[in-house]
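Which chain is which? They are A, B, C and D, in the order written, and residues in each are numbered from 1.
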């Protein structure tokens, strides 16, 4: 079951300024939630976001697929969950957000990240992979 | 050629507060650019965004696929171009953003929109389609 | 001592997408933190933000003074504290944000809020004041 | 007359994602407009924002006073105008935003900027002042 694959969960509360004129969270804000979740995961693993860039490696989003199921509104709390796999140089983050109150799926996203070197070339990401080895399925 | 299909182009300048700590436009901001482009298109067609909601129809993003090719930075100007097609109740916006200076493709997105009624049911979108008939290919 | 006046404290962690190209939290983001704090306070008092607007009263910011002392960066956690007073129709929120780690003052803000009626007139705010009576000093 | 002092005007259109759940531009967004205006001014003067930071000088906002008069909504276009003066090491930007349609004043802001050196000390700002000499009144 897909749900079993989750390796990290972050609880996030909706902030009212994230609502748009429909009174629901604007679709772009979910990318913030998803990024915040990835950074919190990486930080928990002892890999602060800044240290990667000091090594000259910049993780960049290459592709994002996101399905919007249920909108979030004022007062809602979400559980942002993820698991990941590696496909060559690509790190694939599978990220789902659920409404805490009733478990409804809010968004389902597949986010492809690659590590860029300073000169713009794609890095194999072996160092990053080594640090997250226990979570990775190399596909 | 795909480029021939574009029916609308909006020029947008990067604002410095849209940059993240890497000095490039944050990935979530592109969803703002894409939404802004759709709203500008709809407005040009004489369909102000607000009027749809007054009729009780709320266009919502159901799915977004976005490929990130070239990052934008401070001072960049982009050309945000789109064409659309209809598949049943779904309006598919094909949106590409190019760097104005050199024509490099910045992002390529496919955005699926549906019209929701007040009670949460999906509307066929016939009214919206009628207003945009000359641009639509019903697939 | 001013510090004794605080009636509410909210802990907020910086999210990396809130950083600008200097690597510090953008000055506009602090207004989000301050608003989020006010809404969390009002909510704790059993006055969800939405209910005020359903009664036709919309609290709006009339004036904001904000001093920026110490910038926040990636990984920082803040304590956002406030006390309030009433001056006629105006609710004055005194809001200070401190860095949790070392107690350094980050920003100090004075935010003036008034309640608008649907017709755009300023409401005396007596209902709101009644609900927050125990915190208010009528100046 | 204060209006005569304006040395720079930028036209900015409201983007729908800048609206909050009240259907008006969120109060934090005006700080984005104001910053965008300052950067556009500095850029027009041939001082791209990035070049200052390459010299090791980072202009930072020290204090912001902002009065909110008339809210902006979907479809509105604003004229963002400014003049500036220098008080010792402080550059004081006087920034007013007007609704283009009817000239109504939207916000009125006084923004204090100082130039920080890499080591965190405040720079006198003489270089910046020299570049903007013809606009400055040294108070």
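Assume a contact is a pair of C-beta atoms (placed from the backbone, for glycine too) under 8 Å apart; a residue touches a chain by one contact, two chains touch by 3 or more.
Quick caveat: nothing in here was measured; it's all calculated off a predicted structure.
Visitor: Counting C-beta pairs in contact, which comes out ahead: C-D or A-C?
Guide: C-D
Visitor: Would you kindly say which chain has the C-alpha centre located farthest from the C-alpha centre of subunit D?
Guide: Following the centroid criterion, the farthest chain would be A.
Visitor: Just how far, in Å, is the C-alpha centre of subunit D from the one of subunit A?
Guide: 34
Visitor: Taking the mean of the CA coordinates per chain, how far is subunit C from subunit D in Å?
Guide: 23
Visitor: Subunit A to subunit C: how many Å between their CA centres?
Guide: 30
Visitor: Where in subunit C do residues touch two or more of the other chains?
Guide: 16-17, 22, 28, 32, 35, 74
Visitor: Considering the complex alone, what residue numbers of subunit B touch subunit C?
Guide: 16-17, 19-23, 26, 28, 74
Visitor: What residues on subunit D touch subunit B, complex-wise?
Guide: Going by the criterion above, the answer is residues 15-17, 32, 35-36, 39, 43, 48-50, 74-75.
Visitor: For subunit A, which residues count as touching subunit B in their complex?
Guide: 22, 27-29, 31-32, 35, 53, 58, 60-68, 71
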